[in-house]
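I have placed the structure first, in the form of structure tokens, so that the comments after it can refer back to it.
For clarity, chains are labelled A, B, C, D, E and F in written order, and residue numbers in each chain start from 1.
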Amino acid sequence: MIDYAIYFAFTCFGAAILMCLWRIITADGVGTRVLALDTMVINTIALMILYGLDQGTEIFFEAAMIIAMLGFVSTVAYARFMLRGNIIE
Amino acid sequence: MTFFFELLITVFLIVSGIFGFVGSFGMIKLKDPMSRLHAPTKATTLGVGGVLLASICHSVLLEGKLSLHELLITLFLFLTAPITALFIAKWHVHRHEKPSDLPDAGEDELWATHAVEQVEDVPDHSTN
Amino acid sequence: MNHWIVAPIVLPAILAPFIIMVLRYHLDLQRIFSVAGVVALLGIALTITAQASGGDIQVYELGDWPAPFGIVMVLDRLSAMMVLLTALLALPIVLYAIASGWDDRGKHFHALFHFQLMGVCGAFLTGDAFNLFVFFEVLLIASYGLMTHGGGSVRLKAGVQYVAYNLLGSTLFLFALGTLYGVTGTLNMADIALRVAEIQAEDTALLRVGAVLLLLVFCIKAAVLPLHFWLPASYANAPLPVAALFAIMTKVGAYSIIRMYTLAFGPEVEATQGLAGDWLQPAALVTLAVGAIGILGSQHIARMVAFCAIASMGTLLIAISLFTPEASAAALYYVFHSTLATALMFLVADLVMERRGGAITPMTPMAQTGLISGLFFVGAIAMAGMPPLSGFIGKLLVLDAARDAPGSSSVWAVVLIGSFVTIVGLARAGSLIFWKSHDAEHIGSEDTADEEATPLPAPEPQTGLAFTSVFGLVAGLILLTIFAGPALNYTSQTAEQLFTPEHYISAVLGGEE
Amino acid sequence: MEALVASAVGILTAAGIFLILRRRTFPVILGLSLITYAVNVFLFATGRLALNAPAVLNKYEEVPYTDPLPQALVLTAIVISFGMTAVIVMIALSAYLSSKDDHIDMSPQDSVDAPGEDA
Amino acid sequence: MIKLLRRVFPHPHLTFLLTVVWVLLANNGSLNSLVFGLILGIIIPFITQPYWPDQPKLRNWPMIVEYLLIVLWDIVMANITVARIILFKRDAERQPNWVCIPLELRTPEAITVLAGTITMTPGTVSCDLSAQGHNLLVHCLDAPDPEAVRDQIKQRYERRLKEIFE
Amino acid sequence: MSLFLIAALPFLGAVFPALLIRAGRNAAASAAGLTTFLALMGLLIHIPAVMRGEIVTARFDWIPGLGLNANFMLDGLGFLFALLILGIGLLIILYARFYLSREDPMGQFYTYLLLFQGAMVGIVLSDNILLLLIFWELTSLSSFLLIGYWKHLPEGRQGARMALAVTGGGGLAMIAGMLILGNIVGSYDLSVILQNKELIQASPYYLPALILILLGCFTKSAQFPFHFWLPHAMAAPTPVSAYLHSATMVKAGLFLMARMWPVLSGTDAWFYIVATTGLVTMLLGAVIAAFKDDLKALLAFSTVSHLGLITMLLGFGTKFAAVAAVFHIINHATFKAALFMTAGIVDHETGTRDIKRLGGLRHLMPVTFTIGTIAALSMAGLPPLNGFLSKEMMLEETVHTTWLHLHYLVPGLALVAALFSAAYSFRFVGHVFLGPERNDYPAHPHDPPVGLWIAPAFLVVLVILIGLNSAAIVGPLVAVVSSAVIGGEKLPYYSLKLWHGFTPALFMSVVATLGGLFLLGLHKHCERFWNTLPRPEAKVIFEALINHFTQLSRWITDELHNGVLSRYAIIFVAFTVGLGYYAYTTGTIGVETRIPLPAQFIPIIGWICLVGATLGIMWFHRNRLLSLVLIGVVGLIVSVAFNYLSAPDLALTQISVEVVTMILLLLSLNFLPTETPWDSSAARRWRDAAISVVAGIGSGALIYAIMLRDFAFPTISDFHLANSYKGGGGTNVVNVILVDFRGFDTFGEIIVLGIAALIIFALTEAVLGTNVRGYLLNRKPHWPQSGDSHPLMMVVATRVMMPIALMVGAYIFFRGHNQPGGGFIAGLIVAIAFLMQYMASGYTWAIERQRFYYHGTIGWGVLIAAATGLGAWFNERPFLTSDFGYINWPPLEEFEWATAMLFDTGVFLAVLGAVMLALDSLSRFAWRPGMAQEFPMDINPLRDDPPEQDEEKEQA
């Protein structure tokens, strides 16, 4: 039962990631693209945890955690670049 | 008993899947940039949250070992997601909204993003 | 175990950070320590050369892990000799850099200088292919810093090209190492040699690809056509003392070719037949030709000397590409000569440029013309391989070694015509820069192509130290000529050692074959 | 799986080289970082692919381990290429600021006496 | 005594948080990780102290718990409503809207928590502060009646946060 | 005296003048003269031995490995030339002392002159052809210096360069020839080579060797068609011309032909090449000389002509001819040197060398007149002077020579040559000394001081004495030299008497003399006719040739290295791919031995993202910000892929490196254009795309082939897996490899990182030191900036995130040895944590609260790592040997310590310092005054209107 649920979740997040990619490539403004990247990162985290759950392994945890912790830094950097040009002022 | 645990986990997973999907789908479907901004919060909250809960329950209830470190990921996401959203929102306000389009900022007159003396002869956003 | 082997690497690796941390604000102390460090390095180099000259190969197992599982440094005649050459080169150059004040035109010159030495020595000593890559990167990145030392728009532009091109090279290096590891499952050079020799005849393709990619990487460093394009602009625009130091960098490439293609992919290894022999010699001939033409065609002294470097690398690689003991002996003798001669020419070029700019056009006389023109004359003789200096002996050695080789006639033709063009080019440049200057006001009919250029304000006369260091290089060339016999004797023994790789392998792997 | 990895390496390489062949510094830098990805994956893959076999020793049971050596090599490679990227970015930026021009090409005459200008 | 404690624990809450984080990281409740986490939990605040000049005092812990529960509940509910909007509502019918929320909160930390809460509950995103920080600009995915949103936010969240922080 | 010393003395002597010149011109001159004199004495000591026909030798093994040894030998031939070189050299030194003016740097002159002298002596004494080559090229170099001695004269420089090019080039050809010769014989020692006539002439390489060697000789001796450089070398001071271009250097070629005569001569090839060249040269030189108005030019071409004569004689290949050649060498040396000095005197006294402006000097300068006349008549070949004797022998020999069965060709042409040579000799006398005295000499001519005329006078005396009684004076010498030339064989019959009866040669002489006089009479008409003839000016041609070649090579060089990096890169890629393909196809590929893993759903998703992003970058690369976003996607996928493929360490590293790189690029992009303009044509882009695709296919195919095959041998990493815990004390094998098995790599790696940071720092300093600083202060942002640069929420979030990030960093660091993580990743995480702070509250605000200095951090990192390595030395272990153990402090469970952790600390610090220093330097570009803000956040309601109870908190 859990397996099917996991596969279902796989499919959902997989689709989600593809949609994010689609957005990144087709969006009209960098703002939306950054947003899509951010969302993609979040979906990726979910996928990694899922996969760890599926395989019963822990090796995905650190990566997922680091992504969750640092992922936003680059997003903020992009946004600051758009807002101020200089990201460290 | 195990069945109920498994059921619980399954529910978490399905919920997470749905919201994860909806989150990104929103970005495709919704037209105006500001509305798109709402989408990822679902992926962040119930999307990832569901998976993490499922993972925790799985280790605690089924494997019987206390493993809560998934909570950290939740913590980080809840700390960072609002900042991301804020910045992207500020970017939209900065790029697409004139002070007149926004509700009155009360005694402060301006919203922070607009509160800046404009530098002259700066090219308007050349890119994108 | 013999800690001397690793000393040439550890010494600069400790000295440079020390300079950065403690002496960052005291240029004088930096200079003192820097020179002291080079002198110490020279001492170490002499020691290990003495140890290696006996002919037994010593191995240093880093981290006490046996080869091939850990990284080893290997001290044989070749590596010792190259380290010695590095130290010998470094001393006059660091002195010159100090005397000319170049080290004060930007930050961290001495730290980068020693890091560069560390990289070079490491590349010469290591017995591990991937560790070789690491040291390549160390010396490269240090060279990036030295090359852009002091800034200046054109120099930086040249720097971008230099870095970009070499990053491509580093990438290729990784592709090559990956392929080799993917096939042989090892990184230790001796172990690679062992396994390459034993690989089945029906599965050689991937190994060959790896081997040839590796060769290409080394050819980039050695500035073999058509992979030499990084050199002219970067050497010509680098601070010339730095360019003088870079004379050893191209030799690292040459060294690596000799090392890998005698040890692992040697002439008699079936699996890698014809990878080097087939094309390296023609390429080397073209390199020499292009170098010589460049010398004649340059309008700027630094660029001209850069082409001198290319030409000498061409000659060197002609010798290497023969892959015979006597040819390699000749090559190794020539390595010494061309390194010192190239450095000498770069330093002389700097003396000129500091006084009247580098354009090869007549100008009003500069300070100390006589002395500088004399040095230029000596350097030119060395570069063109004219007697009585070591260049002529080196050239004779190469020609003599090539005599029964296939294509010997083309080798002779290119080498001799090449030196002819070089002579003409250098004579032309010399007479324009040093003699013509005497009547710059009434330019003669000759060389209509050379337009008049305005002289730079003559700088303060150089300190004696600058000239002393240049004379040091001259002395090196003279000694290399006088003691050509012993030197050739040493290089012959070295070549002998190279062409019996069994000893190296058994020394590294503890004679397990 | 192997096909995916190999094709990915190929595509990254191709894109990287294509960008390196551009005429401005920035795309060249992008190309370099792409080709760096390519070579890192390449080097990593020479240890052959394995799922759920991290080279972290398991004291309790006999489990398969992937080849750790290429991973260590790639780690070193990543670090080094990071340093290299930082340097070339900096040099490119300095070059642009000094000449207000981000063309990566230079004319042969650029060399004439340019080194004199800074002292 | 208090001063000494302050010296040792420049940020007691932070120390606590960090220790918890460490234990979670180590993912075992062993004494080792507890001790080690505590040690680091004491050291790190010393390093980061200068970056957090004036920290607020937290009062009223029960309120904090209550607040958390409410937020969680709201998140779940909001998720469902927003999901319905995205999936089934046509863009034409949807009424996105800006809402200005006048703030009584003054403490930066408090304002941050409020804004974060608003963002994390689907359907609303806090977009900007006013020039002196007396108002919060919120964007609603679908809000026919902005006032309602504003009142709800002030009632459910800001009131409680004020009790917690100020 | 040892031959070594004789050869070395001039070189030693060369040092003194340069040093002594401070002590005055006499000191320099006498030093030069003394050394030469000593050498000469040393030579004369050997007279008895040489006259006995013995060969004096001196050998020293210099480079046995090459066969290049300092072997010298002295036989008749060598003796004769050494005598000429040193003897005439001595006279020249004396002469030059008075000739050179005050302005001329005399020290230099004598130094160069002695260098040249030494080289010449070396040539004639060498018993090793490689050694001979060295001296040979040395003469080219030193003559280059001597000809260019008067740097202010363009002719001097041109002449010098031309001489160097021609003679030096010929020398290079000769190198090849000598090497071939040496390889035929198997030795480079002359004494050995001279014993192997048959072997050499039988070898297929005889002809090439002959031609190459003769090239050297002909260029040196100015034989047609290489005669053109010699007249231009006359730009040198007259002593030089007299010495190099009449007496010595130009005879080096003759010497070598004579030296090689025993083994090379006697074949048709030799005859037709050498004799013909000599004949043509003799004729041409004589004719041209007759119409030269510059005294020195006249003498120069006459020299060319006489050299041709000697060459022709050697070319005949008969012993008698060889004797004649030797004899003429002696005679020519005497009268020609005298003539040159005379010309020099005339030039010196009258201030002109132009015959047209001279004449009637016989009364004004009687001594000079006498000397000049005698010498000239000897050159014309009039009895009883020595010139007559050797010319007789020459003519005699030509009579017996047939050229392609033509009996009258050689004698006929020789006669014409003799006629013209008589003509110009008479002209030298008639148009300079005879005729009416004039009153328009540039100076007031009179006989010079004795110092100037003593030397030529001495020579002229020789001329006469030899003429009158050659047998007694030079007979023995000629004999011994000739026998040396013909290889010690029996001498032919010859007599050096004046009168041989009425031989054909005598008639020819008479005809030549009368014809010469006749020609001189008609000189005006002939000259008019001569001037109508087209005469190719060799110098112009040569210069044009060199210039065109220079232009051509400049064009080639600049076209080839046109500074277009993309072309360099394309060549690089194409070459690499080509060779890789070649290597592959020339090998054999084994069968696939591994079953590929199934491609699951998630990897495919990832693959699609990767490909999509990559193609996106190629497509959108003009939009730089967007391409950065896409790079971010690639990085994300790659790191997740690493994780998926069991490389957690790589994943962690990749992620954190990703973030830092991104920030780096954004920081720089702030100053760069945000758009890449279109500046390459569609065709170009397609070409690039094509080559890129090929390369991509190559790399992909390569890795695919590798992945589907097993290692050909067991991989060494099995050892690492087996020993990681036992020997390294860690369960994370990757980390143990990094800090232990291959710690040396890591050591180098952190140094690379440190250097990178240093470079960035140094460049920042360099660039900000220039006017760029001003540009940066005034530059406008890319687009309007928003307000609120340090938003409240970000600041507050960072206040919590940073400590946690540090915590995570610590965690990653400590577990690294046993679990994925380690110093490098930890360093990056901590760096990013501080970076967050920078971004939140601004650079200046954060830096004020910074508690560590980056240079120091890097330095400490490297030093700690090194110290860990050195620690091993103290317990007799190699560098970087690690150690570990376990600590047990109840109630805690036992925990591990490992020196590797200390090493990892070094890594951690180095990485942290490097990243921070790099970003810090970049941030300084954006610095502008007034950016320093006192508050962490722009908006803080608490600050503006604080609630009462918070008052004191604000103050604090």
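Just so it is clear, a residue touches a chain if its C-beta (ideal position, glycine included) is under 8 Å from a C-beta of that chain, and two chains touch if they have at least 3 such contacts.
Fair warning: this is a prediction, and the values are worked out from it, not measured in the lab.
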{"item": "Third chains touching both subunit C and subunit A", "value": "D, F"}
{"item": "Maximum centroid distance from subunit D, chain identifier (CA atoms)", "value": "E"}
{"item": "Centroid-based (C-alpha) most distant chain relative to subunit B", "value": "F"}
{"item": "Euclidean distance of C-alpha centroids - subunit E vs subunit F, Å", "value": "73"}
{"item": "Cα-centroid distance, subunit D relative to subunit E, in whole angstrom", "value": "40"}
{"item": "Subunit B and subunit F, separation of their C-alpha mean positions in angstrom", "value": "67"}
{"item": "Subunit C and subunit D: spacing of chain centres that average the CA atoms, whole Å", "value": "26"}
{"item": "Residue numbers of subunit C (touch at least two other chains)", "value": "130, 134, 137, 141, 144-145, 148, 150-151, 156, 161, 164, 168, 175, 178-179, 181-182, 187, 232-233, 299"}
{"item": "Where subunit F touches two or more other chains, by residue", "value": "557-558, 561, 563, 565, 569, 624-626, 628, 644, 646, 648, 669, 699, 702-703, 706-707, 715-717, 720, 741-742, 745, 749, 752, 755-756, 759, 763, 766-767, 770, 781-783, 785-788, 791, 793-794, 797, 800-801, 804, 808, 819-820, 939"}
{"item": "Residues within subunit D bordering two or more other chains", "value": "20, 25, 28, 38, 40, 42, 45-46, 51-52, 54, 56, 69, 73, 76, 80, 83-84, 87, 91-92, 94, 98, 104, 106, 108, 110, 118"}
{"item": "Subunit B - residues contacting subunit A, complex", "value": "6-7, 9-10, 13-14, 16-18, 20-21, 23-25, 27-28, 33, 36-37, 39-40, 43-44, 47-48, 51-52, 54-55, 58, 69-70, 72-73, 76-77, 80-81, 83-84, 87-88, 90-92, 94-95, 113, 127-128"}
{"item": "Touching residues (chain side subunit C, partner subunit D) in the complex", "value": "105, 130, 134, 137, 141, 144-145, 148, 150-161, 163-164, 167-168, 170-171, 174-175, 177-179, 181-182, 187, 232-233, 236-240, 299-300, 302-303, 353, 357-359, 456"}
{"item": "For the subunit D and subunit F complex, residues of the former touching the latter", "value": "1-30, 33-34, 37-38, 40-42, 44-59, 65-69, 71-76, 78-80, 82-87, 89-94, 96-98, 100, 102, 104-108, 110, 118"}
{"item": "Partner subunit C, residues of subunit F touching it in the complex", "value": "61-68, 130, 133-135, 137-138, 141, 144-145, 148, 151-152, 154, 157-158, 160-161, 164-165, 168-169, 172-173, 175-176, 179, 183, 543, 546-547, 549-558, 560-561, 563, 565, 568-569, 571-572, 575-576, 579-580, 582-590, 699, 702-703, 705-707, 709, 711-717, 719-720, 723, 727, 740-745, 747-749, 751-752, 754-756, 758-759, 761-763, 765-767, 769-770, 855-856, 858-860, 862-863, 866, 869-870, 872-873, 877-882"}
{"item": "Touch list for subunit F against partner subunit B, complex", "value": "623-626, 674-675, 780-788, 791, 793-794, 797, 800-801, 804, 938-939"}
